[in-house]
Each structure stands twice: as C-alpha cells, then as structure tokens.
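Before we start, here is the structure in question, set down as structure tokens.
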Amino acid sequence: MSATLAELARLVRGTVRGDGNARIERVASIERAGPGDIVFAVDNVHAEKLNQTSASAVIVRDADAQSIRGNALVTSNPQLAFAQISAFLHPETHVPGVHPAAVVDPGAKISPQAFVGPRAVIGANVVLAERAWIGPGCVIGQGVTIGAGTRLNANVIVQDRCVVGADCLLQAGAVVGSDGFGFARDEDRWIKQPQLGRVVIRDHVEIGANTTVDRGTLDDTVIGEGVKIDNLVHIAHNVRIGDNTAIAACVGIAGSTVIGKRCTIAGQVGIIDHLVIADDVHITADSLVTNSITQSGTYSSSLKAEPANEWRRTSARLRGLDEFARRLRELEKKLERLFTKE
Amino acid sequence: MSATLAELARLVRGTVRGDGNARIERVASIERAGPGDIVFAVDNVHAEKLNQTSASAVIVRDADAQSIRGNALVTSNPQLAFAQISAFLHPETHVPGVHPAAVVDPGAKISPQAFVGPRAVIGANVVLAERAWIGPGCVIGQGVTIGAGTRLNANVIVQDRCVVGADCLLQAGAVVGSDGFGFARDEDRWIKQPQLGRVVIRDHVEIGANTTVDRGTLDDTVIGEGVKIDNLVHIAHNVRIGDNTAIAACVGIAGSTVIGKRCTIAGQVGIIDHLVIADDVHITADSLVTNSITQSGTYSSSLKAEPANEWRRTSARLRGLDEFARRLRELEKKLERLFTKE
Amino acid sequence: MSATLAELARLVRGTVRGDGNARIERVASIERAGPGDIVFAVDNVHAEKLNQTSASAVIVRDADAQSIRGNALVTSNPQLAFAQISAFLHPETHVPGVHPAAVVDPGAKISPQAFVGPRAVIGANVVLAERAWIGPGCVIGQGVTIGAGTRLNANVIVQDRCVVGADCLLQAGAVVGSDGFGFARDEDRWIKQPQLGRVVIRDHVEIGANTTVDRGTLDDTVIGEGVKIDNLVHIAHNVRIGDNTAIAACVGIAGSTVIGKRCTIAGQVGIIDHLVIADDVHITADSLVTNSITQSGTYSSSLKAEPANEWRRTSARLRGLDEFARRLRELEKKLERLFTKE
C-alpha cells in the first residue's frame, strides 16, 4: 500500500507543509527511516534529529512544524495520526476460508468471510461472524460466539459458551474462560465450586499473549468495550472492567473486583478481591490495591530500587521504627518535665 | 439434572425448612435467581436480600434460618453445600473415545473409558487411566501417566515421564515438566544443567491456566495431594508443596523450596529458593518471603496503595530515615548533657 | 550413554582421585545416588554426607578432595563439570524428519536434519536449519528463521518474520512475536499502533515456559547471545537485552528499555519503560526499577515478609512518618530555645 502525503493528511485530518505529492510507502522509526518512509515526533525529539532524517515526511504538532525543513504532516495528535497511517499503509491480509487441517464441528455456523487456520478446533454451535480470523491451533469451545472482524492469533483458547465481541484482538496463547479459583473448605480439604458463568468480552478489546480471563462462578466476568489488556495478566472470576480501561503486563486482579472506566493500571499491579475501583483511577507500577477506591486520581505503593547497601540500611531502619517511636516519646516526656519544672 | 430440595438436603446432610418437594433445577446468584434456582448466603448477606430473591430455595446456616420466609436448606457449611449441589446439578459430561484427529502413539495405553480430544498428541508409553479426559490440543510426552478421572483442558502440556494423579484438573495452557532454570557459570557464559527429574502431581490437584511447573533437576518436583494452584503461577524445579496448600494467581516459588501442608499463599507472592516453609503458614498478597518460616501463622510484607502524592511523601520520608536517626540521637545527647549539667 | 571416570575427567579437564576405570552411567543427587552414579558437591555439603553416598564417584573442588574416601573427579568448577557430564551421559535424542500430522507450507525450506513434530504448523518461507527441532503443536509464522540445533518444545509460537538463532531452547508455550502494547489516545478511546517490527533472538538463548516476547513497534526487540530467560517473563516491544544476561521467573520488562550484558534480574522484578540499565547490574527479587542505572552493582527495593502483626505495626509507622518528622522538628526547636535561653 502506498499514498501521497496529501492523501495521508486527508486520512488523518491534518495539513501538509512542503510537497503534498511526496510518495509514502511505509512508516519507520526516525533512526532507520529512508526515502518513502514517514516518521513521527513527540515532544522529546529535538529538531536537529528530525532534520537529519532521510524520511520523506515527518508527522509533527503545529508548534513543532516551523522547525522542520523537509515535508511535514501537521496535526494536533501526531501519535494518533501515526497509528492511523501505520494501519493504512500496512493492512492485515485476510483471506477467508476454512483450512482443511482445521477440525470444525458440523453444528458450527461459520461466515463465508471468516478464516479458520490449520489445526484450529471449532466446537458445536460456535458462531463466527464475518471477517472473524481464527489462528492456527486455536480451540473454540461449544456455543462460543466470535464477533465480526475479531482476530485470534495462534493457540488462543476460548472455552465453552464465552462471548467475544467485534473487532477484538486476542494475542497468542491467551485463555478466555478458564475456571475461577473457587473452593469451599471441608475440614482440611478444598472442594471445588463449579464455575458455571461465562466470560463476556465487548467490542474493540485487546487481550495480551498468555493472559488468562476466568469465567464467572454463577454470572459473568465482563471485559468492557475498548479495554486493552497486556501480556500475562490474570483476570479472576466475576471481575468486571469498565470501558476503555488499559491494563499493563503481569497485573493480577482478584475475584469479583469491579474496575471503572478509563482507568490505567500499570505493570505488576495487584488488586485484591471484592473491591470497587472508581472511573479514571490510575495505579502506578507494582502497587498493591487492598481497599476500594472511590475518588478518581493516581494511587501508589511503588518502591523504587536503589543501590542494595543503601536499601539494606533503609529497610533495617524501617524495622527500627517502633524503637524510634519509643525514643521520640521518651524525649518528649523528658522535655515536658523540664518545662514543667521551670 | 434436577432434584427436590429434600433430595439435595440428604446429599449435603442438611435439613429442610419449608417445602421439601420444591423442584430445584440449577444454582444461581442471589441477584439473578428465579424459580427453580437454589442460592446460598454467607454472613454478609442481609436477610432482606434473601427474602427478596425469587429463588426456590436458599442455603443458610442454622443461625440465619429463622429469618428466611421461603424454603431453606439448613447446614453448618453453606458454601460447601452449595459447591456439592452445584456439582450435582451441573455435572461435567464425559463421552469416552479417541477423536480421529488426535495423534496417538501405538505404544500408548488408553483406557476405553478415557477421552482424547481432537489434535491432542499422545506419546509413546503414555498411560491414560479410566475417565481421564485429554482436551483438544494437549501434548502428552513419552512415558507420562495420567490418573483416573483427571481432566486436562485445551492445550495443556505434560512433558516426558511426568506423573499426574487421579481426579486432578489442569486448566488450559498449563505446562507441566518444563526445564528448571539451572545453569553453571563458565566465565561470562551460562552452561545449561540438563533437567533430568520429573514432576509428580498427587491426587485431587488443580493447576491454573498458563501456570508452569518445572521438572526437578535430578529428583522430582512434587505437588502434594489436594493442592490447588491458580493461574500464571511459577513453580520452579525441585519445589515440594505439602498437601492441601492453596496458591493464588501470579505467585512465583523459586527452586528447591519446600512448602508445608495447608498453607495459603495469596496472589503475587514471591518465595525465594532453598527455603523451608512450615505447615499452616499464610502469606498475604504481594509479599516476598526471603527466609525459611518455622512457625505457623500469617506473614506479610504487603504495602497498600494510597493517593500517589501521599505515597510520594511517605516513601521520601523512608529514604530520610537515616537522617532522622542522626537527629534523634543528637537530641538525646543534648538532653542527656542538659540533665547531667543540672 | 556411559563412560569411565577417567573419560569424564578428560571431558571436563579435571583429574581423577581413586579408580579411573569406575564405570559411570548417570548423574544423580547425593541423596538418591547409587552404584553407577556420579554426584557433585558445592561448599555447603558436609564431608560426612559425601562419604555416606553410594555413588561411584563425586565431583569436588581441589580444596574438598582430601576429605573424600571414594572416587573423586577434581575440578575448579564442580557445578560446570556436572552440567557438562549430565549433558554427555543424558543426550537429547534427535530423530530428523517431518511428522505426517504436521502442516507444512510448500514454500518452507526445511533441512533434512531438522525435525517437525505432529500438529506443528510451518508457514510460508520459513527456514529451519540443520538439527532444528520443532515440537508438537508449535506454530511457526511466515518468513520465520530458526537456527541450527535450536529446539522448540510443545506449543511454542514464533510469529511472522521473527528470527531465532542457533542452539537456542524455547520452552513449552513460549510466545515470540506477539504485538507490543502500543496505543494512541483518541479522546477516551485507545487506537492500536500496529506493531511492525520483529523479535530477533541471537544464539544460545533459552526462553522459559509461557514467557512472552513482543515484537518491536517499528524496529526489533533483540535478545542478546547467551541470554537465559525463565518462565512467565514478559519482554515488551523494542526491549534490547545484552549478551549473557539472566532473567528469573515472573519478571516484567516494559517497552523500549535496554538492559546491559551479564546482568542478573531476580524473580518478579519489574523494570519500567524507556530505561537504560548498565552492564553487570544485579537486581534483587521483587524490586521495581524506575530509573536508568549507569553503574554496575546490586540494586534493590525488596521488602522481606515478617509475622503479620509485626508488619502491620511497621507499615502503620511508615504512614506515621510525617507526624514523626513534625514532632522531631518540634523537639529540636524547643531544645534550641532552651539552649538559647541559657
């Protein structure tokens, strides 16, 4: 795919400075760009670097456009324009059809515009909407529905009765619909609580590689519209995640917790069970959330690594705080007596 | 499957209040229940909520039974009764047989009561006991034994020579028998220590989705009877886990550590290598265990997220503790001199 | 495979004490060893234990050789010698050929010395070098190159255009080439930044079970020569990892971070995005790295679990530090006034 700079500007509602007829073939990084490439710059890139590129055009903000000597596509959101242009110049290919090495239950309803890859297994009563793309080795359980334009990369598993919306993207190895971790105690033993609910994934959701989303115990685990989840994330049973929330890698969200809309949850965060997190809450990396959060804002319990000998001293001091408190109180008393005496 | 309330009461050794002939078809949540449903209540559910449900019956403790206006199944452990009734009303279907799209080594011994799903690969000398259920896409290495009634969901991997007991459940994508992370140093380079041991999983074990259990280096990694492990957990080589211990999601247990019986290890906990953890130890979420634990009890190093500006101040203070200590000592000295002077 | 003790000593450039003709069949742990076995000892094993073993030989350091009554193989690095002898006595079998249940694109170039397991899917233009070993259920995308002697265990996924070097080992369920987590904001919504780069893995790399390595956004994610990565690790897009660095389980490394050579990163460490970590940096378990590190050395923010009631007091004190600081300042002022008055 290729286009002129002017065509790309129209696509992203930006304006051209320089040669609108410049031919653009592909996107590239500033470091590696050459003729035919378009690059983009955010604030932290110096003008010199932009002017040294051999790219055919750069995407910049209005404020930065003056300093560009070459062709520029000017827009209020260069990152968004770059994402849109990347998708336009580098479209995913989609050849419909069912690979002969797929195993498809005769009761499955597969759109003629859908693709089913080699070795995929499609269970009874599965519905694959138009342009659904089921990668090699995927396993789609009985009664699953996969929405239009949704893509499952290799070896994705969607277990019985779960629902995946339209225009979703599930990365390789993701598991949707595993059992929640629910057990009753019987003396020393754990007795399994059968997990009978579903996972319901709304439209425009991305799920990362090897991420796991457990089905609800009785009702459903729900992933809201536009939610983006990174790799190796654990979403427990009965969790509900609000629209357009983004969750970075290695996060764990425990059972029945409800997360609001437009939240951002950084890498390795843990959120314990049965909490309610408000809309527009942001949690910093590696924090642990142990209480419900009712106000939007940023929350943290992140500790930052420092040289180990300094950290050893600091964490020893931490354990000495009780002793500290005692000595401080002692001093206060002594001083109190001193003043009283006077 | 359906039953009368009286039949269910007999199943769980409870008693009926109200109509023992009430027909129960399924379990449900209190919020969604309707006629034919049975629900259960734990302490934190108010009587009003229970009396507003349209469920045909509720499972409650003796103490709560008085306040129920409808049909009740009374028992000392409602959660356990609900788990048992869920399993009874919603049994797993099990149709034995080997799917024609499975790849089975002629040397494998497969019970006629076992099931092998499409695209599963069964290696040489594998033994599948009666009612073993091998899901689509599973890979069972040479010489593996899978016990009676054990179920492996889609794409589970059990590598060569590992042993899985009876009545286990391995969730989708779990890996049993990967190599431990063992290397010798040769100057700057790491030289692999071949991992020659096995994983031995006892009976009634559950392993979560995309969880990994490494084989032992020379001897075996052992998962005790009744152990329950959640999703995305890492169990390193030579680890041994005692009976009926439960391990929540995203936990990492490093090499050669031995965990006792009936422990509970909350989400995202890390336990370093070569430790010994006693029986009946409980570790709170996101804690790091760096020393052996010889006494039962609860252990923690969890920090709780708070508003980021408050946390920033707190963690800055943490780094100022050395300075604090110096100033406190200074004050004590001054006051000492003051008193001495008098 | 078996050998005499003298032959093994030659293999690892060690010397024999005792009977060089002793026949060695296999490696074993000191606890379980019997006749025909060779074991090794590091410093923390007492001489008594070594002298009680029924092993046919022990591998020890010079310094420890005097105390051994049986046969010994003496070397400066027993752990390395043991790894080498383990590999020699227990070689991986490798029977070349393409299993009939594999799905191979006619455009793939597969060495006659390579192996492709049942149900593996090999895409167009894939190149498998000599002695490459592709396990059951692996999915190899279009244009992927797999180097000589590299082994992929069951259900490994290498997505389109990625490159894996020679003599690598990818454990079961690993995903190489998933999309990075890159989105542009468009009001409340996240718009996907297509991920167009590759993953390039150099020679002698090991990747753990269910670990995920994202492809670069525009350029490549690069895993250096001799890097060893454990299970359930997340390597984000554009990350570059220096030669011979080792990364333990459950680590997350965020986008565009560059890690030096010969680093060791312990379990559950998080490293945020866009950092540069120097060579020879060591990070302790569960630490969070939030700033670039320019000096080699050990870094930490690990907290160690203690009895929960003690920890509760400590962490409450932590939140009281502001109040502490105020009181300390108050005392200093009072004392100051006192001295001034005098």
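Letters A, B and C name the chains as they come in the text, with residue numbers starting at 1 for each one.
The criterion applied here is as follows: a residue touches a chain if its C-beta (ideal position, glycine included) is under 8 Å from a C-beta of that chain, and two chains touch if they have at least 3 such contacts.
Note that the coordinates shown come from a computational prediction; the quantities given were computed from them, not determined experimentally.
**Student:** Considering chain A as a copy of chain C, what rotation angle in degrees (nearest 5) results from a C-alpha superposition of the former onto the latter?
**Tutor:** Rounded to the nearest 5 degrees, it is 120.
**Student:** Are the two sides of the chain B and chain C contact the same residues or different ones, given that same means over half of the numbers occur on both copies?
**Tutor:** different
**Student:** Just give me the whole-number Å value for how far the CA centre of chain B lies from that of chain C.
**Tutor:** Centres of chain B and chain C (C-alpha means) sit 25 Å apart.
**Student:** Enumerate the residues of chain A that touch no fewer than two other chains.
**Tutor:** Expected reply: 119, 137, 155, 173, 210, 232, 250, 268, 302-304, 306, 318, 321, 324, 328, 331, 335, 338.
**Student:** Give every residue of chain B touching chain A within the complex, in rising order.
**Tutor:** 27-29, 31-32, 77, 79-80, 82-84, 86-87, 90, 99, 101, 117-119, 135-137, 153-155, 169, 171-173, 204, 206, 208-210, 226, 228, 230-232, 243-244, 246, 248-250, 261-262, 266-268, 285-286, 302-309, 311-312, 315, 318-319, 321-322, 324-325, 328, 331-332, 335, 338-339
**Student:** Provide the residue numbers of chain B that touch chain C in the complex, in ascending order.
**Tutor:** Residue positions touching the partner: 103, 119, 121, 137, 139, 141, 155, 157, 159, 173, 175, 178-179, 181-186, 188-194, 196, 210, 212, 214, 217-219, 232, 234, 236, 250, 252, 254, 268, 270, 272, 283-284, 287-291, 297-304, 306, 313-314, 317-318, 320-321, 324, 327-328, 331, 334-335, 338.
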